[in-house]
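A short worksheet on the structure shown next.
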Amino acid sequence: EDLIGKHKFRYGQAETENQVGVATGLAYTTVGGDTLQIEVSLSPGKGKLILTGKLGDVMKESAQTALSFVRSKTESLGLDANFHEAHDIHIHVPEGAVPKDGPSAGITIATALVSALSKQPIRREVGMTGEITLRGRVLPIGGVKEKTLSAHRAGLTTIILPKDNERDIEDIPESVREDLTFKFVSHADEVLKIALEGGGVQ
Amino acid sequence: EDLIGKHKFRYGQAETENQVGVATGLAYTTVGGDTLQIEVSLSPGKGKLILTGKLGDVMKESAQTALSFVRSKTESLGLDANFHEAHDIHIHVPEGAVPKDGPSAGITIATALVSALSKQPIRREVGMTGEITLRGRVLPIGGVKEKTLSAHRAGLTTIILPKDNERDIEDIPESVREDLTFKFVSHADEVLKIALEGGGVQ
Amino acid sequence: EDLIGKHKFRYGQAETENQVGVATGLAYTTVGGDTLQIEVSLSPGKGKLILTGKLGDVMKESAQTALSFVRSKTESLGLDANFHEAHDIHIHVPEGAVPKDGPSAGITIATALVSALSKQPIRREVGMTGEITLRGRVLPIGGVKEKTLSAHRAGLTTIILPKDNERDIEDIPESVREDLTFKFVSHADEVLKIALEGGGVQ
Amino acid sequence: EDLIGKHKFRYGQAETENQVGVATGLAYTTVGGDTLQIEVSLSPGKGKLILTGKLGDVMKESAQTALSFVRSKTESLGLDANFHEAHDIHIHVPEGAVPKDGPSAGITIATALVSALSKQPIRREVGMTGEITLRGRVLPIGGVKEKTLSAHRAGLTTIILPKDNERDIEDIPESVREDLTFKFVSHADEVLKIALEGGGVQ
Amino acid sequence: EDLIGKHKFRYGQAETENQVGVATGLAYTTVGGDTLQIEVSLSPGKGKLILTGKLGDVMKESAQTALSFVRSKTESLGLDANFHEAHDIHIHVPEGAVPKDGPSAGITIATALVSALSKQPIRREVGMTGEITLRGRVLPIGGVKEKTLSAHRAGLTTIILPKDNERDIEDIPESVREDLTFKFVSHADEVLKIALEGGGVQ
Amino acid sequence: EDLIGKHKFRYGQAETENQVGVATGLAYTTVGGDTLQIEVSLSPGKGKLILTGKLGDVMKESAQTALSFVRSKTESLGLDANFHEAHDIHIHVPEGAVPKDGPSAGITIATALVSALSKQPIRREVGMTGEITLRGRVLPIGGVKEKTLSAHRAGLTTIILPKDNERDIEDIPESVREDLTFKFVSHADEVLKIALEGGGVQ
C-alpha cells in the first residue's frame, strides 16, 4: 500500500553522523543504482538470526555467510567468542516493502555486524559493495557505474569496491570520479580497516 | 463467510478511553483509508512471537523490526531487559478476516508494545502511521490524505506522521486539517513521547 | 470418502446435557446456517496448541487469539496462571472432513477453553457467534439470519450475538424470534457470564 | 513402482490371532470397500507422533484427535497419565503406497492406541468404522454397504458402526447380514468394550 | 549434471565382501530392474533421522516404519533399548541424483539398520525386496521378474521375496532361476535370520 | 542483480597457497566446465549444519552424506568424536548467486570438512570430483572432459577422479593430459591422502 505516491523515487542520503550497527551499501536495480542501509541490532537471546526487509534467498544466504565469517574471526577481532549463543541478532534492510536480493551486500552486512558487536562506529562517508565468502574473500559484483553514481548523489566520498572490479571505474564520468576516493579490496579485513572508526580491532 | 453483509464498510471509531496495549494505526486501501487497532497481549512464556490478523509478510517483518527496536531499548525505556524470554508476545490486528500488509504500521506496533510492557495507557485521541527501522528511524509512507480523512472520521484529533511526509498534508481539505493536530516525527522516541500517557519513560 | 450419502445434510442438534469443554457455535455456509461444536481437551504437556477439524488460516488465528485472551485473563478468571506451560491444548471442530473458516467462532472457542480450564459446564441451550479480539472485544459477524434459523432448528433457546449485529435480527421471522432469547454483547466477559454455569468466575 | 501387477486387487483378510496394537478398519474407495490394518507402535521417546501410510490431512487430524481422546482418558482407562511424554508413538497404515484419507478410521485408531498402551489384544473377528470426536463421540460415516461387504469377504464377524448409521444396513444383502453381528455405538468407550479382550479397562 | 554420459546405464554389482550397515535391495523402474545399496551410518547424537538419496515420500515413510519396527524390537534383537536417543541415524541410498520411491525397500532398510546397530555383517550374496509393516509383516511387491533378473546380473545368489509373491517366480526364465536360491518370507525376523551373518541375534 | 556484466564468464583460478577448510571442486555446466571452491567454517555451537551458495537438493544431501561419513570416521581420522555437538558447521560455495546442484562435489566437501576439523591445509594444486557414499565409496560422475579442461585452465596439476571414470580421460586432448597428474580413487580415504598436506591422519 505504501509504494505508491510522491516518495516512490526517494534516494538514499548519507548519515549525518557516524553510527554503530549501520553500514551503507550500494544497490543496483533495473532503474539505476541506490544506496541502502544495513541495520544490525543485538538483544539478549539464544543465537537466533532474524533477517527482515523483503530479502531474497541469495541475500539471506549472504547474511548467513557474513555472520559465519565474523563468528570464525572473533579472536582476531577482539570479540566475545560466544556472542552468538548469548544474543539474538536482527539484520534489517529498510525500506521494508522493497524487495532486495543478490550477494553484493555481503561485505556491508559483515561491517554492520562487527560494528554492532564491537560498538565501533562506522564512518558515515563510506559506501561499499562486494560479495563475501566464508573466509572473507571479496568477490566482484555488477553495476559498479550505477552504484557509484547513487553513492555520489547520496553524498558519500569513500567507495569500497572488490579488487576484481577495478577496471569497471573507467565507465564512471570523470566529474564524479574526482569527488570520490576508491578503495579496492580483496579481503573483508581490509573493509573493516577502512569503514570502522577503530579499524576493526579493539 | 463473515465478510458479506451490512457491516462490510464498517469504519473505525476512536476508543472511548485510554487503554494499555492498544494503539490506533491508519491504513490505506484501494477503496480509501481506515483506522485499525494494533492489540498487544503478554503472557508468561518463553519468548514466542505470535502474529495474527491475516498479516502479509511485509507487515510481519515490520512487527519483528518493531519488537527488536523495543528489545534494544529496554534500558532507556525502563523496561525489564529480559522481558522477551519470560513472556510470549501476541500481536493481533482485528478484523481477523481482512488481509493487511505493508510496513506503515511499524510505529503503531512499537507503541502498542511499549504500552503493554510499561503498562502506560495510550492516548485515545492519537492516530499514527509510519515505517519503523531497527534503530527507530521513521520512514515516510503513502496515502496520507486518505489515512487522515479516516482518522478524522473516526474522531481522532492528533495525527502522527513521518517527517518526510510533511508536504503531503497540503492535499488534505482545510476543513479537516483545522480539526487536527499534526505531529511530524523522524524517530520512534518522539512517537512514544506523544502517544503514551507517561511519555514512554518510567 | 465419507462425505457422500444420506448424511450429507445432517444438521446439528443441541446437547442433551450441560457439558465441560464443549461450546455450540453458529456457522454460515453458502447453503445456509448450521451449528457446530467446539471441543477443547487438555492433557498434561508443554504448552502445545493442536488445532484440528479442517480449519482455515483465519479460524486458526482466531483460536490463537481466543487462547491469548484467556491466557491474559487467568487472574480474573481464577485460573492457574501457568496452565499453558503444563498442558497441551487440543481444539477440535467436528465434522473432521468439512472445511471451516472465518473469525466468527472466536467467542465460542474462548468459552470452550474457559470451560475446560475451570471445569464449569456450558449451558446446553446456548448458541453463540462473534469475532473475538485479543482484549476480548466482540466484533460483528455475517449471516445472522441463517445462523439463528439453524440454532432454532437445533433446539437452542439462547442466542449470543455481537452488540453491533443487533439491528440484523429484524430479518428473522417473528415465529422464530419469539422462541428465542437474544443476548447482545460487546465483550467476551459477558459471553462467559451467560454461557457458563458458574458465570465464568470461581 | 509396486502398485502394478497381480496384487493390485489384493483384499484384506482377518488376522489369524488376537493381536496387540493392531485394529481392523473398514475403508471405502471409488472401486468398493476394503479392510485396512491400523498399526500402533510405542518406543521409549519424548512424545513424538509419527504418522505414516500416505495419509491425507483429514486422516492425520483424525489420528491426532483419537490420540488426544486417549490422553484425556488415561485415568478411567487405567493408563499411565504421562505415557505421552515418555514414548514416541508411531501409527502406520499399510499398504504404504496406497493413499488414504477421511475421518472414518477415528475409532479404529483410538482402539489400536489403547490396545498398544494397555497391552490388551484386540479381538480378531472385529472390524469397525466411525469418526471420533475429541470427547469420544462417534459420528456417522459413508459407504456402510461397501465397507460391510469387504469385512464379510475378509472373514470378520462383528462389525462396529456409528449409531447414526443404523438405518444404512438395510442396503446390505440378507445373505451377508445374517453372517454378521452389528454393534451400533455412539461413544468410543463402547467400541473399546467390544473390541478389546479386556474390555478397555484394567 | 552427472546423469549424462557413459555411465547412464551402470548396473549394480554384488559387494566383494560381507559388510556392516549396507544391505542390497532390488528396485524396479520403467526401463527394468536394478540393485541398490541401502547404507546406514550411526553417529553419537540425539535421535535425529537423516534420509538422503533423492527419496520420495513413500520411501521416507517406509524408512521410518522400518526404524520404528527395529526400535520396538530392541530387546529380542539384543540391542540397546535407548540407541535412538544416543545416536543420529543416517540412511543413504546412492546414487544421489537418481530419484527413488515406493515401499519395497522396507525389509532392506530394516536389515541395514539392525546390521549397523548390532555390528553384524550382511551376507554379500543376498538381495531382497518387500514392504515392511510396523510389526514386521512383509507385504508383497511388484516387478519380481525384473528385480530378479537384475539381482542375477549383479551376481547375487540368494533372493528374499515376500511369501505373497511366491507365484510370481514362474515368470522368471528357468536358466536364471536355477542359479538362485529363493527365500519366501512373511515376517522381517526371517529376513534378519537369512541376511545377517549372526542371524540377527546376539 | 550481480549476474550481469563483464564478470559473467569469470573462470576459477588455483589458490596461491595451501589453505585450511577450502577444497577445489570441478563442476560441469551446459556451457562447459568450471572450478569451484568449497569453503568450510566451524564456530562454537550445537551441531547446526548451514549450507549456502544456492545449492540444489541433491547437492545439499551430498553435503549431509559427506558430513555423516566424516562423523563416522572420527576415530581413524584422529578427530574429536563429539565435534558435531560442540560446533556449528557452515559449508559455503561461492559465487552465491550461481545455482549449483548434483552429487559430484561429494568428495570435495568431505575433504574440506576434514581439513577444517584437523587444521591440515589442502594442497593448492589439487582439483577433484566424485560422488561420495555414506561409507566413503567414490562413485563415477559426468563431464570428465569439460571439468578437466577447466581445471587445467585454472592452473591445477593434480586431478582426482573416480576409478570408474578412468576410461573417460581418453577424450581429453593429449596436450592437456600431459600437463596433469590423474589420481583414480574408489574410496574417500584415498582422496584425503592425496589432497591433505598431512594425508588425512594426525
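Letters are used for the chains, namely A, B, C, D, E and F, taken in the order the chains are written, and counting of residues starts over at 1 for each.
The rule we apply is simple: a contact is a pair of C-beta atoms (placed from the backbone, for glycine too) under 8 Å apart; a residue touches a chain by one contact, two chains touch by 3 or more.
Because the structure is a prediction, the values reported are computed rather than measured.
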| item | value |
| --- | --- |
| Equivalent interface positions on chain A and chain F, same or different at half | different |
| Approximate Å spacing (C-alpha centroids) for the pair chain D, chain F | 51 |
| Distance between the centres, which are taken as Cα means, of chain F and chain E, whole angstrom | 30 |
| Contacts with 2+ other chains: residues of chain A | none |
| Pairwise touch network: line, ring, star, complete, or other | ring |
| Running round the ring (origin chain D, first step to chain E), the chains in order | D, E, F, A, B, C |
| In the complex, chain C residues that touch chain D | 1-7, 10, 19, 21-22, 37, 39-45, 50, 52-54, 88, 90, 92, 94-97 |
| Contact footprint of chain D on chain E as seen in their complex | 27-29, 47, 57-58, 61-62, 64-65, 68-69, 71-72, 81-82, 84-85, 101-104, 106, 131, 133-135, 137, 139-144, 164-165, 167-168 |
